[in-house]
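Reading through the structure tokens given below for one structure.
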Amino acid sequence: MAVQMLRRTLIFVVSVLVASAAVFGLLAVLPGDPAQVALGVNATPDLLAKTRQEFGIDRPLLTQYFEWIGGVLSGDFGRSYVTREPIGPQLLDRLGVTTWLVGAGMLVALVIALPAGVFAAVRHRRASGSVVSGISQLGVAVPGFLAAIVLVQVFAVQLRWLPSGGWTPPVVDPVAFLSGLVLPALSLGLVQGAVLTRYVRSAVIDVLREDYLRTARAKGLTPYRALMRHGLRNASVPVVTVLGLQLATLLIGAVVIERVFVIPGLGSMLLDGVANRDLLTVQGIVLVLVVAVLLVNFVVDVLYTVLNPRLRQAS
Amino acid sequence: STPSDPSAITIGFTAEPANFDFTRSDGTAIPQALLYNVYEGLVKLDEKGEVRPLLAESWTVSPDRLVYDFSLRSNAFFSNGRPFTAESVKFSVERVKSAAWSISQKSKMDVVSRVDVLSPTKARVVLSRPSNNWLFDMTTRIGAMFTPDGVADLANDPVGTGPYDVAARNRGSSITLKANPRYWGVKPAYETVYLRYFKDATALNNALLSNGIDVISAVTAPDSMPQFEADTRFTVTQGITNGEVVLSFNGRKAPLDDVRVRRALTQAIDRRALLDTAWAGRGELIGSMVPRTDPWYTDLTGVNAYHPEHARQLLADAGQRNLNLRLRIPNLPYAVSSAQVVKSELNKIGVGVTIEPLDFPAVWLKSVFTEHDFDMSIVQHVEPRDITTFGNAEYYWGYDSPRVRQLLAEADRGSAEQQVSAMREVAATLANDAAACWLFLFPNMIVAKKKVGGLPLNQISESFDLTLLRRVGS
Amino acid sequence: MNVIEVRDLRRVYRRPRTALTTPGTQVEALRGVSFDLPTRTRFGVVGESGSGKSTLIRLLAALDKPTSGTISFQGEDITGLPERRLKFLRRELQVVFQDPMGSLDPRMRVRDIICEPLVAQGHSDPAGRLTELLDAVGLPERSADRYPHQFSGGQRQRISIARALAPNPSVLVADEPVSALDVSVRAQILNLLADLVERFSLTLVFVSHDLSVVRHVCDTVAVMRSGEIVEMGAAEEIYEAPRHEYTRELIAAVPTLRTALRRFSE
Amino acid sequence: MTAMTVRRSASPSLWVGLGLVGMVVVTALVSFLWTPHDPTLVDAAQRLRGPSGDNLFGTDKFGRDLASQLMVGARTTLFVGVVAVGVAALVGTPLGVFAAMAPRWLGELVMRVNDLVLAFPALLLAIVFGAVFGADTFTAMIAIGIATVPSFARIARSGTLGVLNTEYVLAARSAGRSRTAIAVRHVLPNIGGLVIVQSSVSFAIAVLSEAALSFLGFGTRPPTPSWGRMLQESQELLAVEPRLALVPGAAIALAVLGFNLLGDGLRDRYDPRLEVRR
Amino acid sequence: MSADPALAVEGLELSVGGIGLVGGVSFAVAAGERVGLIGESGSGKSLTATAVMGLLPEEVRASGSVRVSGVDHDLVGASEKQFARIRGRRMAMVFQEPMTALNPSMRVGDQVAEVMLVHGTRPDKATARAAAVDLFGQVRLPEPREIARAYPHQLSGGQRQRVMLAIALANDPAVLICDEPTTALDVTVQARMLELIRTATEERGTALLFITHDLAVVAQTCERVLVMYGGRLVESGPVREVFTAPRHPYTRGLLDASDLEAVDERGRLRTIPGAVPGAGDFPGGCVFRNRCTDASGQCAEVPDLSEVDDRGFACWHPVGGRA
């Protein structure tokens, strides 16, 4: 048992190390000189050289990498070339924002997808079910940013019910925080909800075909109750997989939404970082994203065993 | 901000300062927020382009135009409580020349040979050669006044003498300025100013439309202007900036080293039509690198005016057939829009154009600006009086004219009248040589709630000057 | 002479991990099986589910490697031989599987299915042999261009048998070839197998959980339980006078019409 | 009990999907021969015209005909899908098959790396590629393709594992087929359905990605018409001229819908679980 | 035999999209009687059973009549609600696949308790659970208490099938339908299971409809047998009579083919020529006529199932001639 845990942890650490090397390598080939970006036009060569030295980017790549990864392993992500502040706390800040956004988006998605997906599955041979799955099909086909733009036009610009963007931390003003979260969460959640609806639908349809659901009906449960009592938990296994994958895409896909709604999350930090060639920051962000995704996968694995007793220790 | 709080105002911007230290980070965002608001210099530039007193109440210039004697305000204090004195001037100016400053603009201080403290309120600056540009440059960030114990953490804690002090910052989203209670001058109209940042022009517009902000500092989506103009909630102003949108030619390389080719390309482009399509007709046409607010402005739009037949002829004369040019532009809206029109126009005279948007600033700076790997580019040149760059043969456009260099030097050295006439000649020469093709002068479009007055018509200094704002009504 | 000699064959499977924290369990599918198979025997293997019958067959066909022990085929040790040195085995020994649908690639035409061993072994005229084979298993010639799903279970099993016969093997191994079939079809296939064994002088290894089927088809029977052969001998002998307790149990449990109907006459 | 085969007739979603995709393909093909106007010709006089007989969908702020841009944009859309899905399928499928057929440790390794790529932000890849090789449709789509490789590898691997567990693969092995022959003759045809389904879904995702990248300014180069860029350029005019956003927006949505429906329809046809009921 | 049968099926017709799958099936099962339903794969046995249970796939249309004792309405055309009250209470079913018929994520004890709670035959969870443990003992599961806490995957196939039986018997139904309940089991396990079904139904006086394709199993378990082919009942009667003196050529063929000891002169088993056609491909008239050696022109007409004294067959040329 301990050995297995160790093995998993080891795989995880190695994955993160490989990922870190990949990020580093990828960014090393990125054209553009961080020093020049920081200094701007008309920078003199010796100023450039001095700044490069200050950033530490004049040293061999391997040295840079080991220094960076060494720092990261001890919790130090380095200092941003641009803000000249430690990156770690900033990352945490931004991660918090993105987590709120993604969490709220996921919530919206689930609130839409669970009932809609179950409904569409139970009625998949009838018109009402087809209508729901048709709508979800359309929802999947709408680009997320288009949904965002339209939502802003309607609810912020025309009706002026909600802010068009911006971010208020929950501790500063909970009401402003929530009202600012509504539209981004909807933009993110509607499309993801449509995607999820389709998965829920097909998972439930699969479950509806299962023998044990027939058994449940043979016991005298109505089809609906049979599904509720016996189907959903089993249908949730494939849905959780998708949820895990979606969470990963959401973390990254939030970039566009963050852009439209001017939300200072990881996505906008990533875009800024790349534009400013703030390489240490970008490396940090990507590493955090990769770790987050791997962690989500890990959680999904654990959830599996909770949901599916077959995966627990067999007697 | 709560719209109900009359002493607060929220202003929307597009470019967010990465930090507060403009001595070491380039870009327009930091001085836009801090200069004249948090930091003050001895002098400032007003919206008509005139140099005005600020921390210096007055100054005299010696006849040989090498010695500047400034008399300073005695009631100015830095936000950390230190008084502003002649020592501050000496410290600040010398600091620009030291390694503490690392941005390239610091070279503008090279002309200063020393600073003398004559008394707490009298400072003398001695130049190594006469320079008209120096005093003008003192209105920019390099003229900002610091105090020795206020420079420990410039990136996060700016200490200046201005009407505002940075109260809070929310990275990626906003900066809060609070009025400095010990400010020496007129108390600003708004006690609290929220500077909010929107990377996206449309997001910025929407914020105002949905009452999220009170002012758009600069509309960069010109096509959206009609919706503000039609809305009775808003005041709209349109002035100019000193940002010349330039179609630059790489003069180092054939065939663009040939003046006929450059003239042909310039004449092939209908700049009125370009402005109309690419920037909704907002902005002004200019014929050279001079905005209307400079004293030596003359209308040069007639030089190398639109004349496609003539352009074709010029190309033929230059022996250019099947010309194909790489238009490598920053991936910014104005450049992308303008480039498409330029391509379409040049195609009409048989010149092929490949548009390559480059990651800005990083890749553009590297390939175009530093490595000169381009035929043409489109960039907005926002620095004040950047016509002088044509005197630098090393500059990316590779324009090399000894005559222009000489004229520029004379202008800097000479009297005010000499300066104006020399600069006029420079502008005319550039236009004539088609050293570049000046597409248009970037407009300054501000939209604000009706309750906000005092909006600066033109944006020609580095600062978004909050001291100008007024409250209207109520 | 013995075609096949099996000595102390063991095979241990490691089940894939089912929980995050625990390693997979080990399953001893075969625990020391030995027997000799003289040429032209019809050898039956019976045993309940999970007793290791299929495992044994996979090892005989060199589709899997034993954990220990040896199998020699026509005098040559085939355990641990790399695939490229197994050509003779692939020619001499062929397998018929249980699931008449699952053992035929649904995306291949019958023609290609039957010719697959010939093509794989570089036969000079696979197409020529096809007609012969179809005829041997009693399928019409036009079947060749159809897909497996267009056939009934019995017909599919015929296709499977035709494929096995293609390289002219001397040993035919059948893993529960009739377990998935209806009684009427079962009879047809059993008849066919008997015909073919006779006609081509085949050695037959026939696996089933149904002792009466094995008794009908085979002359020698091995009874397996939990990876071991508990009893082995002539079919009639075992059926009439089982020595091992488990064999007796097995025989008693197999329902046959005759025994069942006796219930009514009592 | 035997398996009974219930061949499903083509579902409506397959037909609607085919219809929509066919429309995109035909539009793209026609655009090579004819468009109502030059889609890149700037004309200040024609700026922001409403729909008319001459300009079916009107013109944009450059005075360019929207209908013509839409037609040529269909090419970009298809190109995007072909490149991204091509890269992903051609790399991912063999990789997945390999991971399933290789020795366990090697397969594990491949899948671990695969997971990593899956965790890697596709956007960053697109940006880096754009910066290194010049931002345009092709590089962006190579990046999206690479980012999509893992999903193909996963599907291909699980499909292959399924196929390898069948008796017909055992039969092929005992027939003397080599590993490669089994991979080519048995595995690939039988996971083909899964790959095709995955392709059409990835096609849809690629089209959306191109739109999103163009929206962020890392996609198709101007002035090459692309639906994503049209949408981006229309943004500031949304309140004034919603038509400019609606037209490309609807085109994207319909094309994506088409590919998704096609994928669903194909899944219904190819999913062996639906085809054979036991 | 009581006059009022526990289960009565009259003229049951099932079709999908106009293709007839089952036609004119009528039979009755008395309380305490055990009736086998045999026939080759695809003959319509499962469809008939699921029609009785009201568990037909949506696309299948049913007509005719199905009645269960103690229920005052016809089950054909009954609503889901009506069925829900009957299933698991008045009639119950054991399915073939022990691997998939139980909910993998629920303890088996709870799955048994559920059927009692649903119908309110036990007042609360605790009682129902205790009753489940009891039932496990009745179906001879070892250590019923431990088993009740297990998940299906922790049980063997035979054990799971016993759990299924416990579920079916929990509310003492009037009718028990078993659809090939032992096909997936080992012979030794099968023998014990069959014994169990027999005694359990005997003890409770339950009417049993037992579906299988294994004639021997029917002979062991049932008193009466129904033979199905091509969606029709072709023969019926007491097991002994039908199996010793079959009248329908199809029954005859089945019997011959299952007897591995009866061989011809060449040592070959006897077979029915040809194969079972797919649904909808059966010939009109007598469904067996394309495989029947005795078929004549008369066979183009559908022969009725002539029932005399519990013994019936549907054939124009019965084995042994017309009586």
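A, B, C, D and E label the chains in the order they appear, each numbered from 1.
The rule is short, and it goes like this: a residue touches a chain if its C-beta (ideal position, glycine included) is under 8 Å from a C-beta of that chain, and two chains touch if they have at least 3 such contacts.
Note that this is a predicted model, so its numbers are computed, not measured.
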Treat each pair of touching chains as one step and give the shortest count from chain A to chain B. 1
Which chain lies the greatest distance away from chain D when centres are computed from Cα atoms alone? E
Per the definition of touch at the top, where is the C-beta contact count highest among chain pairs? A-B
Of all chains present, which has the mean Cα position farthest from that of chain C? B
CA centroid of chain A to CA centroid of chain D, Å: 22
Cα centroid separation between chain B and chain D, in whole Å? 45
Measuring from the mean C-alpha position of chain A to the mean C-alpha position of chain E, what distance in angstrom results? 53
Give me the residues of chain D that touch two or more other chains. 1-2, 127, 131, 235, 238-239
Two-or-more-chain contact residues of chain E, please, as numbers and ranges. 41
Listing for chain C: what residues touch at least two other chains? 153, 182
For chain D, which residues count as touching chain B in their complex? 40-42, 44, 47, 61-63, 127, 130-131, 134-135, 217-218, 221-223, 235-240
Quick one: in the complex, what on chain B touches chain A? 18-19, 21, 24-27, 99, 102-105, 107, 155-156, 170-174, 196-200, 202-203, 206-207, 209-212, 359-363, 365-367, 369-370
Parts of chain E lying in touch with chain A, wherever the complex brings them together: 53, 55, 58-59, 80-81, 84-89, 92-93, 95, 97, 100-106, 114-115, 118-119, 150-151, 153-154, 164, 167-168
Of all residues in chain D, which touch chain A in the complex? 112-113, 115-116, 118-125, 127-128, 131-132, 204, 208, 211-212, 215-216, 228, 231, 235, 238-239, 245, 249, 252-257, 260-261, 264
Complex contact set, residues of chain E against chain C: 40-41, 157, 186-191, 194, 213-217, 219-220, 239-240, 243-244, 253-261, 267-272, 275-276
